[in-house]
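Multiple structures are listed underneath, in structure tokens.
Here subunit A shows up in two complexes: once beside subunit B, once beside subunit C.
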Partner chain A sequence: MATAKKLKINSDFLRMLVILVVIIIAATITSGSNFFSVISFQTMAKQLTEYGLMSIALSMAMITGGIDLSTVYIANLCGAIASLTISAIAPEGQILGIIFACILALALGLCCGALNGFLVSVVGVPPMLATLGTYELFSGITIVLSNGQSIQVIPQFTVFANVEILGIPLPFIVFILMAVIFSILLGKTAFGRRMHLVGVNPKASRFAGINNEKTIIMAYMLGGLLCSIAGLISLSRVSSVKADFGSSYVMMTILIAVLGGCNPAGGWGEIPGVATAVLVLQAISQWLTAVPWINGYYRQALYGILLLGFMTYKFYRDKNMGRR
Partner chain B sequence: MKKLLTLLLAVAMLVTCVSAALAEGYEVLNGFDPANFKSEKDPSEFKMAVVVKGVADWFSRLEEGVTEFAEKYGVDAHVEFPATTDAASQLEIIDQLKTQGYDAIIVVPNDSAALENTFADAMEKGIVVVGPEASNLKNCLYDTEAFNAQTNAVAKADALIEATGGEGKYAIMVGYTTAITHMDYATREVEYLKEKAPGLELINDGAIPTCESKESTTTAYEQAKQVLKANPDLKGFVCHCSTDAAGVSQAVEEMGLDGQVMIIGAGVPSVYAEELKDGLIYCVTTWDPKLSGYVACLTAYKVLIGEPVGDGTDLSDGGAAPGYEAVKLVLDDGNNCLLGSAPCVATGENVDELF
Partner chain C sequence: MSEYILDCKGVCKSFGGVHALQNVDLRVKRGEVHCLAGENGCGKSTIIKAISGFQPQDSGTIEFDGKVYQSLSPSVSIDQGIQVIYQDMSVFPNLTVQENLAINTVISNKQKIYNHRQQREIAKKVMATLGLDLDLDDLVETLPVASKQLIAIARALYAKAKFLILDEPTTALTRKEVERLFEIIRDLKAKGLSILFVSHKLDEMYEISDSITIMRSGQTVYTGPMATLSEEDFTHYMTGRDFSDVDNKHAEERIQRDTQPAIELNNLSGSGFAGVSFKVQPGEIVGITGQLGSGRSELCNTLFGIEKATGGTITCSGKQVTISSVEDATRNGIALVPEDRLTEGLFLPVSIMENITVVNFDKFTKGLTLDSPAQIAESADWVKEIHVKTDDHLLPVQTLSGGNQQKVVLAKWLSTKPKILILNGPTVGVDIGAKYDIYALLRDLAKQGLAVLVASDDLTEVSRLCDRTVVMRGGIMTGEIADQELTVENLTKAIM
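So, the complex of A and B:
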């Protein structure tokens, strides 16, 4: 319990865990081996990585009281740059060239995040508008780079997403690794505490001697880094990148962050809850495909109900608890 | 903070290095032989899924064809509708279907490039992949198409001859002069008409096209009005973009030229049902997605039972899919296309039975 407290494993996390177990049981009962099989879990693990990482990125922004709508487009931009660099300097799949391209993409992710953070904290643009602007900017750059077409990556690069260690897909290991690192970062370090405080009350945090600008820029930069990792994984899994690939993830990441316990007004939210919410959403999605009589018409509606229901419940509960 | 950032970067780099070191040339190939996809199962146990682009009338019509096929053959075939038109949604559904014991996955791709990898893998696992309306998808056994450019152009040109009696002036409207298919259709129509109906004259000394709608109904309306003012004796108007006929018919009606100007439209017939019945629009050419769905399922079925499919195969299934009596096999840069000859012409009389 002591470790649990240290990592801030809170009620949001536990609740999500319970929901996850319930969904897995319900799905197994209703669709049997269509849902409950090793290959099915491997597929889920592989699919969720990209928006899982983006959800963590978004949660960071949300905790500081902002939002990040540009996550998907940072990922695509980084993927496009990596793919183009690889084609230019390592067309035969030379390892050094690939590593260089990846580092370049990760650095670009940090820069994109820094731009978001700068606009939000220093310039003072409301986060929703700032990241909506950069969303257009990043997707625009990707469109120009790709002429609006898909950019293919060399086949050697697609190995990454297909590697399995003890049957667990490598992308999922990356996701878990990042979830753990960011859980510790936000739950245990002074930086994490500063981020929360900036989100709760920027004025108080300033008087407490916290450099708000630096904290916010850092949060968005780390988010940008996560997005670029997501972009590289997506590039490897899909073997191509397009400016608007994954546009449906934008709304999905917001849904996940809120389900995972982040307060859209800032200040509250922990990564373990968010990471579990990622699993919940992926399980629901897999379940919907495994049950043929629920068709895609209901998918969107179901997500909407989930989000509204959960938010209503949470705000009601928080009001009773005297929080906000 | 710096320490943590360095750590993060180091981890990310490590992961990348591991992956790069493991690179052993995973190739995406299209060298699959349909004969290897024969299933040992009883046909009544076949499971097929059809993944469409998204929720739209067009795909509901396609679903009718899939349902008809499923009922006729007693197989489990159904349509999956992605919640959004994002290529990622389609990929997600396909990846999930691959784990659920499907024998065939049929797909109308949004972005073929995003699906190549997953389909190469699916076919390695022995899943039959067929793509209707998937002319640039390489990792599929067959791409089934309703018609080629010539068939479509001839259908439109014949409709114009029928409507005008083969005499008088006509105009051609395309979406954009940069729209390759539109311009291709238009050029073929003019060629065909020159030969078949010399009495028909394309205005502006035969310049192709007469005007561009820029895929906007408003622009189509304005352009059509100018053309009609300059050529009050115009007899025919051939449209290529799915929204053109709406603008053109409005202009024709406003100028009181209905009955004189025959409009040959394109797009979804039910959108133009009223105009077709009033005779304001002569006909709308398209292809029937219901047949596309039916034929794609049938193709996958034939592969699964080990019946060869190729040049000259009858996919019409005894009248269920007219126009596909003898498909042509066209190999185009890795895409094995089965080409039907099934243009669909909607008029005031049959529009209610169409989609």
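So, the complex of A and C:
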């Protein structure tokens, strides 16, 4: 029975892993070298980091029973602040100035997350509305800071996204590192389990002596931190930032979190599943680009089919489990 | 015409290999109040579903009013005059009283056009069947449970009910509301209606029923007149076990009189109660009793830091303490088994193991991560220690019966080694067998020096379990009853 329990926790992870392998095999057969080249892998690895980190951030909000719609805008705000700070204090690319700007951006990410968590837990605004409000706020501040234009960052900063260690792009290493850290944090620590329990039943967690407010604020703060890392990576990769950059990621992160096994009602979800779902989505997208006879315009429709199919499957499985 | 309005013979029903009903016989005479008793999961609801046609039986016959049915459907059942009043599922909470009262008639008239005035007339007629006096424009969700029930009953009567099934109607009612309901039931009986009363509260059954059928594990184990059934036999038929004398309290050996009180309240006030003063010695079991709204639940929650005290002092083992959060309470050795185990006490879809160990996560943290083998070992110990009936403690806690769920809540708090254990409604929705287990466990804990506070409106429970009780009425502590005075009769008088 102990193994069954373990399987239950990891079943989403395993399922995603199987899907990933199937897609990679299918892609290799249908598009061969196009899909499975080093260059293809490197583009893939760079792109996925940004929304990968934001998906982990969103998953944490979802596990506590909430949602975070402001992820992308926290990333953009932090990117904008970093870029402006660098231009102001380190226009020649002085390393200390860049480090300071990055720390400032990360701290800002934590603050943005804290605001979300505060609104959700202490003020009691429904998470969807609270983060919709902060999404407008953060994107508004970025628009003001940038006068509605895109902000260019000094060329020296773009080096980071292109660093490779043993052929693996640095952003991807950051993503894997964060995925591992947050897998342990959520799966193995007291804090992580409390986060889940708050999501299962906030009333019972209060009666069990769990500080709901603290737990929820912490979850959103760590989410904010991940978003600001994503913002810095994106700034480095595309060498500029704009208030509405990557707004399509908002829905994509929700898709990934749910595919990865997070329950939109809270309480369930583990990071390994989510991280694998990130890879699955990127693999599909890559595949579509590599296969000449499928038009890239089908991408969105395919995502929709994937999500609906998965939700239907999950619904039936849960229903059958409930009957047993 | 047969003497029986309902005569079920050899009813069987199984769900995927599990026999929910095995040759169940249930006969209700015309014009009697018949009680259907049994522990949770004994098949009470399954037989009701067969009678009301929601889930026809696999085999066996149901004879109703002289006609024999192999299987009933809901519409046939209602047409024949069978009406079931469920606890709270029978009304539409977001509609007004008027709409709730009239809706059945409007639907059965197959009226296509909605007519407010006509509906109002129907609603008034329906109210008249029970002599109700409710504001027709009130939303039903704002009404107390008792009124919702009466609306459902009135609607059933207007639909020409001959046979009324009341499914655990008294669970959420106060004593006064129960009295009112019983008056109505007697009235209906006098008018010739037959009533099947589903319950597990023994005193209520004696009060209202003429005869009784007891079910256990899907079978009929006893049927006969109510008056000749002794309490011991009742317990025996319900549980299949015999319980030794539970009234043996041994209070004086247990209570440690010579030490400081484990907890002492001085003029404590909070939202919903004011001016409460009493103390509890280690080893003592003290009740807090009063009706719904008397402030007992609020008092419990305040002592546990869920709600804030507005005045007065709390002293734990001689030290005055401020309790403004659950952390404060647990630090001072206070534990609370909350009133609603399903929403407050447990994480239902989460494993039994985690439900027990959640309060000790910090203790199990080794380095940065949780030491899950230690967690599992501790949980296994508790499951064995207080006899939680389960195959595997890694299963979700919702797979357990009510009594075993309550034991899990108890295990959770006992694992914090509290000095003061507060229980709010410790045996609500708990089977008789598990109830006695819990009583024995509490006595045992008290013997080991735990101070136990039991908030309950079950007067039999208070009089049997507690050494002394605090009586509350309307948020105010009205007195204490102890020793020989602690009887159900005295308590009934005191809480009114």
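Keep this in mind: the second predicted complex is superposed on the first by the 313 of 324 C-alpha atoms of A that agree within 3 Å, B and C clash if a C-alpha of one lies under 4 Å from a C-alpha of the other, contacts with A are read in each partner's own complex, and residues count from 1 in each chain.
Note that a residue touches a chain if its C-beta (ideal position, glycine included) is under 8 Å from a C-beta of that chain, and two chains touch if they have at least 3 such contacts.
Since this is a predicted model, take the numbers as computed values, not measurements.
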Subunit A as common anchor, with subunit B and subunit C clashing or fitting
fit
A:118 contacts which: subunit B (first), subunit C (second), both, neither?
neither
Based on the superposed arrangement, let me know which partner A:100 touches: subunit B (first), subunit C (second), both, or neither?
neither
Of the two partners subunit B and subunit C, which one touches more residues belonging to subunit A?
B
Between the C-alpha centres of subunit B and subunit C, what angle is subtended at subunit A's, in steps of 10°?
130
Scan A:193 for contacts with subunit B and subunit C and give back first, second, both or neither.
second
Just checking: does A:267 make contact with subunit B only, subunit C only, both, or neither of them? Give me first, second, both or neither.
second
Partner chain in contact with A:177 - subunit B first, subunit C second, else both or neither
first
Thinking of the overlay built on chain A, is A:206 touched by subunit B (first), by subunit C (second), by both, or by neither?
second
Quick one: smallest Cα-Cα gap between subunit B and subunit C in the superposed arrangement, Å?
8
Touching subunit B and also subunit C: which subunit A residues?
189
Write out the stretch or stretches of subunit A touching subunit B in their complex.
33-34, 37, 39-40, 42-43, 46-47, 93, 95, 98-99, 102-103, 106, 149-150, 152, 155-160, 162-163, 170, 174, 177, 181, 185, 189, 191, 218, 222, 225, 229, 232, 236-240, 242, 244-249, 285-286, 289-290, 292, 295-297, 299-300, 303
Residue ranges of subunit C in contact with subunit A within the complex
304, 306, 325-327, 329-330, 336, 338, 343-351, 354, 358-359, 361-362, 364-365, 368-370, 376, 391-392, 394-395, 412
Touching residues of subunit A toward subunit C in the complex: what are they?
1-2, 4-5, 184, 188-190, 193-194, 196-197, 200-201, 203-211, 267
Mind listing the subunit B positions that touch subunit A in their complex?
1, 4-5, 7-9, 11-13, 15-28, 55, 76, 78-84, 86-89, 91-93, 95-101, 111-114, 116-118
